[in-house]
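The structures considered in this document are given below.
Here come two complexes built around chain A, the first alongside chain B, the second alongside chain C.
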Partner chain A sequence: MVVLNFTLTPEAAAKVHDLLVCLGKFSDTVAIEARRERFTFTALNSSKSAYAALTLDGSQFFTSYECVPTHGGPDSRFTCSMYTKALLSVFKGRLYDPLGRDGAIDRCEVTLQDRPDQTECRFIVKMVCNQGVIKTYKLTYEAVEVMHALFDRNVAKNRWSMHSGAMKEYIEYFGTKTEMLDIYAGDDGRAVFKSYTEKVSNGKEILKHPLVTAVAVNTSDFEEFNIQAGLHIIISVRDFKAIVIHADTLKTSLKAYYSYPTRPLQFNYGCDGLSCEFTLMTSGDYNAVPASSPAPAMLSRTNSRAQSAATERTENRSMRSEMPPPAEPASRRSARRRNPGSRKVKSPKRAEPDPDSLFVTQEEEDTRWDPVDYNKEEETLGWDASAEHDAAIFPTFRDSGSLTRTETEDSNEVLAPTQRVSQIKGLW
Partner chain B sequence: MRFKASIQNITTFTKLTASLNSLGPLAWVKLSDDQVCFTIIPEQGTQVWAVLSIDTIFETYTVQSAANNVINLEVPLISLNRALKTALNATSAQIRLTKKDNMPVLALTIVTTSSSNSYAAFPTTGANNNEDAFETSTFDSAIGGGNHETIITQEVPVRVLSPDIVAGLHEPQCREPDVHIILPPLVQLKSISDRFTRLAVVGAKSGMGTTSSSRTRLEVAANMHGCLKMSIKTDAMSISSVWTDLNNPELDPSQVAGGEIGIAEHPSTRMKQLGSADGRSEEGWASVRIDGRDWGKVMSVGRLGGRVIACFCHEHALILYVYLPNDNGEDESVLTVCGSAVTSCPNWSHPE
Partner chain C sequence: MEDEDELPLFAAVSSSARQLYLLLRCINFSEKAHVQISEEGLKFSVDEAGVMEGFAFLDKSLFTSYTFRAPPPQRSSIRDSDDEEDEEETSTNPTFQISLPSLLETLQIFGLTDPNNSKPPWARDNPTSTAFSNNVLGMNNMCRISYDSFGSPLVIVLTEASIRTTCELTTYEPAFADEIPFDRQSLAFKTIMRGTWLFDAISELASTTPARLTLVARLARSQKPYFALSASGPLGSARVEFNNNLAPSTKPPPPTNPPSVENPAESPNLLETFQLSNPETTLRYTYKFSLIQKAARAMSVATKVSVRGDTQGVLSLQFMIEVEAGKVSFVDFRFVPLVEKDGGEMDDETVLEEGEGSGSGMEDEE
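Moving on to the complex of A and B:
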């Protein structure tokens, strides 16, 4: 029997919302791994090129946290997988609102109902709102084995770190439809983030080619910067944007660790009991780098203390059950630079501005001049009395059997009533 | 072939490209010694012929080519606009024509003083549990000092047009307008016309269920007594709004063919005899019918904040002249937006 109970403050619940939004950009499902002292959300994207692990510390992140996995060993764990959207519909935005307006909660209590003597296994979230309103959500989950991407920070000699706020500024410069991000140290004391798309196009198509944006940042703007000169490392720009936007919600520094192209890269950040790690596949010209050199020529500013701390963490991680990083066969490496788009990530969507912001951004101000899209449903007047309309717009999660069947949003199946009218007392 | 300039007025340039982008995805840009022309000729709908004096947007401007120092480019407006948006807070921005992998690009080099140095110098809560970050950053701000510029380069793919491709390109000629009038603030006009169009769209949808009638015809009319009328008629409704006390600018004899006599014989002089200033008279209106969605796109030029004069050729065409305000207080740059009336097809429009 598994025991899992925890309570979140509104602030922490809002952070869960933020991290789910971020993970939703990687995968439709999020895996949960609960241990005695920590709780981890993981996500692996469909092309297995990006892996995210966001760990909530049992004593620091939660008001109270209790987890007793089935087999009492110190390393035992409870794992399951859920739909990111389903969790997001529970952990909505605006859970934390100091003014206590609509949607704000007082606390969030989560319990796991996973007992052989009960007919239903559920992940139960209770949102205790103001005025004594309690919203209870019972979510289904799927028992899965959770895997972890392994990353050895000892090998990752190239490191940099920068405040996420500055990073966010840079990603806003990138064109909207680009796919790749090349990070390298330029020759004039600058680090360059270049977003581009590798697509061969001819004639008129040239004009549809997305913008190529290069942001050259003074290396002294970094908190730490140790990059081998001339090393180009290429990752997906959408993954990068998703990570930076999430790191910015925590107002923390973003650290990058990597060795050389085609080997994984890790981004890491965290604060207040939340620790986030993203392990991404990289591409780039493997041959251009003297990869064998054990101590690459660092540009500046080594930071030994950070390294030793990192080593400790890595050892800790390698104890867990592991999934080897999605390494590429070496035979493909020569073709890599030409065709890195083959590993593009499908699910992430475009980064959106903060929907909770109360301020009218300059962009919004400007959009009132844009032509109106009269095909937008919400804008039009009128009504639609047809019943099947609802099923199409709102994805429903059916309360039965395999979760995968519920995925299709356009399915015509409607959520069946779970309660007989005769059972409801006091309404009439 | 050389083109290089620093962008002097980034906001205006950004708004211009945003407005033009509403009307068509590609613009033909003609760079010459004394002016910059933007031309948009979509398959259907409204054309734009914009002539800007160099100093409206550029300074230190050089253009050189074998064809009389004129360069013609085809530019994707969405990319150009996106690139310019990143320059909104820039300390300087340059644009030049160059080649990248044998493809011509307009390269923007934008220098900003990023606020990142202040992030580094004052680590917030997140960095507190990491002493190293704190130490390095304070060390950094102590010696770092001035050079915190971030350089952004944006490469907009373009197509260079040969002189013979653009040779046949001429601004359409139209007969003298019957009515010319200064439009009310476009933000007001846009919100009302958008609402009209929306009603018409819904009317068309729920009415007969015929999709063919989804084109929404706005009727726009004006008289020489300061009145503008916008109306929409469907089977189910008829709505109209009338503006009064607008200004009909006087014609300048030096600009009209035939001088004083030309003005006396000008159609607008005749129209002055008809109609009234309260807009209730049935007479004296020059009206055109235009597509509501198309009009919504045209209204997008309002973001430039210029003075707009509308010229009505009765049941023929509507031409808007948008005068951009510049630093000298003179209107030197003109956007000509030629909306063709839906009912009749003037010589330049593509027949429906």
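Moving on to the complex of A and C:
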């Protein structure tokens, strides 16, 4: 038996409306997790590339809050899933009106009816309006287990923070049809938010028109800006817009935490008992990070890259040594898997003649459409976590990137045979 | 017919096509509308599958000039059989059908602007405007409606500034004569409230995409009126209750509530009138939700609505619409109820009782 009762002020109910609007941009369904002292709305989008968790503090956000999950443990929780649309039809806009006009409510009472002696399980919302109108909604819900995306803020060394109002001005410049957002920290004291769409052409038809909008912001305009210079990180414009617009309703500062492309990024903000976390998948396939990305990961990666020319065994090994990448759409992953070919081709060519240079004609965006002919690379899943493997795509950043690579390659040349032999022995 | 009489049967001039449009738009849920011209005004009626009717009455006071020359009785010889079944006294009044969407299109041919505030800023302070200019005289948005004789088209002439549009709408033979019988003498219940309350409730319930709308009226303990509309759909159910003098609004607010919640300008009563023919019983009628929803336009513009149900369950919604300050018009709807099975009623009953119980519990907490 679950007990869940809480009461919201009109202001809080309006905030619930705002957050549901935001979550509705991520997913059709919203999951609810109620614990003894907090209440969380979560949403995971269909491609599982964006996860949102909005936590309402039991004592701060609610007028009254009571939750006794089924099993009495401190970590016990009640979870269910509902249609965002259904909840939104209950938590409409204009719930809070300082002038007390029609549609404004006096308070909102929510009860969970989930008892064996009752025939129906319902999520009951009661809107008590000022003039004596009471609106009662009984919504069906689905009992589901709620998963959470993990995010380690200690690893995310790159941080920035900016007031949502300012950020909202910037997102207005982004084209409505654009898909990707590249956040780039330049060397010149500016951060660039660039929205763009990959051009997709089908014969003569262009299916997606490339429109690039770059908004350059002085890093001094940020409340906090601590980003490795030259780091590109790419997220979805749609997600970013949804987050900024919601953050703006709270008039708070939006904080971003991330490490390097292909590792998750987190946006975080909150006030008055409402704390919002959005964990987004990032990509960096078409952009480069300069040499100074996290050292250990890079070493193993360059290591494997250098050796993959000769054998795939080492690739397997390095893959094992690395953390598996976060869950991502298959299409992206396969595209990335093929990319090392082009990069590997290009950077050694600058540094020293390489047998792989026969791939040199296949590069840039063409690589995406190539058949998967890199047999040796087929199992190089380890590349997923790579931060710099696309160095060759944008020549601007190639210099520093390839330089490091040559260094590591040199040092690896000595080690490579030994490792390979030992591994072969171990395996066979 | 024409040669013996050049004067039209009916001619009226309105200074505002907008007012006519606003009223007729309320019943715009069907292709054809019946028009009956009488000494008092124009009556438009619209029918939906015989289970819903909408009436809009354009009173002669809406027109600046209204001329109706009742045809002599023999004039309606071809239509006698039809009309005598209906009502004796209106047998000579011309009745015909027209396309309501076309009429509405016609009326808004110059746009739907309110002449009082539609003028662009540069026109408002027009130095050339005199006391006799069209704007001042209210002549810039004229609408003249005329009907020459039986079978002739309904002619609408709209004039704005120097533009004059003449529209002839084909009239058709009347198709139905029977109204949904609503017994005013044996009302089961009646309540009057603000139209926006009803509109709000219906749009609230619409979010559950229900098929049926249940109306519940009764006198709660201590003779407190209770009126509720409920509906249920695939995603859940919703109920909107109207209570007079609800406890929370009369009690002092709990300390946790912000002060803004307590509105000093409290409306006296949500339900202005509340009458039940049999106060001991709970009245419960069910209607098709999509039909009730067709009256939503009227609800949104009405100042007041009178909700009445007769003993047979026929629902009458009468909307008082203020087209101009101090001038009211009425738009009526009638609905035939759905016959409810006992099982469904019992189900609703439990929901209702349970809801009431939790409501009183909530009051006790405070």
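The rule is short, and it goes like this: the second predicted complex is superposed on the first by the 274 of 428 C-alpha atoms of A that agree within 3 Å, B and C clash if a C-alpha of one lies under 4 Å from a C-alpha of the other, contacts with A are read in each partner's own complex, and residues count from 1 in each chain.
Definition applied: a residue touches a chain if its C-beta (ideal position, glycine included) is under 8 Å from a C-beta of that chain, and two chains touch if they have at least 3 such contacts.
Not measured: the values here are computed from a predicted model.
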item: Of chain B and chain C, the chain that contacts the larger number of chain A residues; value: B
item: Which of chain B and chain C A:175 touches, first, second, both or neither; value: first
item: Touched partner set for A:122, first chain B, second chain C, both or neither; value: second
item: Which superposed partner A:130 touches (first chain B, second chain C, both, neither); value: second
item: Chain B versus chain C as contact partner of A:10, first or second or both or neither; value: second
item: Chain B versus chain C as contact partner of A:107, first or second or both or neither; value: second
item: Those residues of chain A which chain B touches in one complex and chain C touches in the other; value: none
item: Chain A partner contacts - residues on chain B that touch it in the complex; value: 15, 18-19, 22, 26, 74-76, 79, 82-83, 86, 88, 100, 103, 105, 114-117, 119-120, 123-133, 136-137, 140, 144, 147-159, 187, 190, 194, 197-199, 201-202, 205-206, 293, 296-297, 299-300, 302-303
item: Interface residues, chain A side, partner chain C - complex; value: 9-11, 63-64, 83, 85-86, 89-90, 98, 100, 102-103, 106-107, 109, 111, 122-123, 126, 128, 130-140
item: Contacting residues of chain A [partner chain B, same complex]; value: 161-166, 169-170, 172-173, 175-176, 190, 204, 206-218, 220-224, 250-253, 269-272, 301, 303, 305-306, 362, 366, 368-372, 374, 379-382
item: Chain C - residues contacting chain A, complex; value: 196-197, 200-201, 204, 207-208, 232, 234-246, 248-249, 256-258, 260-261, 263, 265-267, 270, 355, 358-359, 362
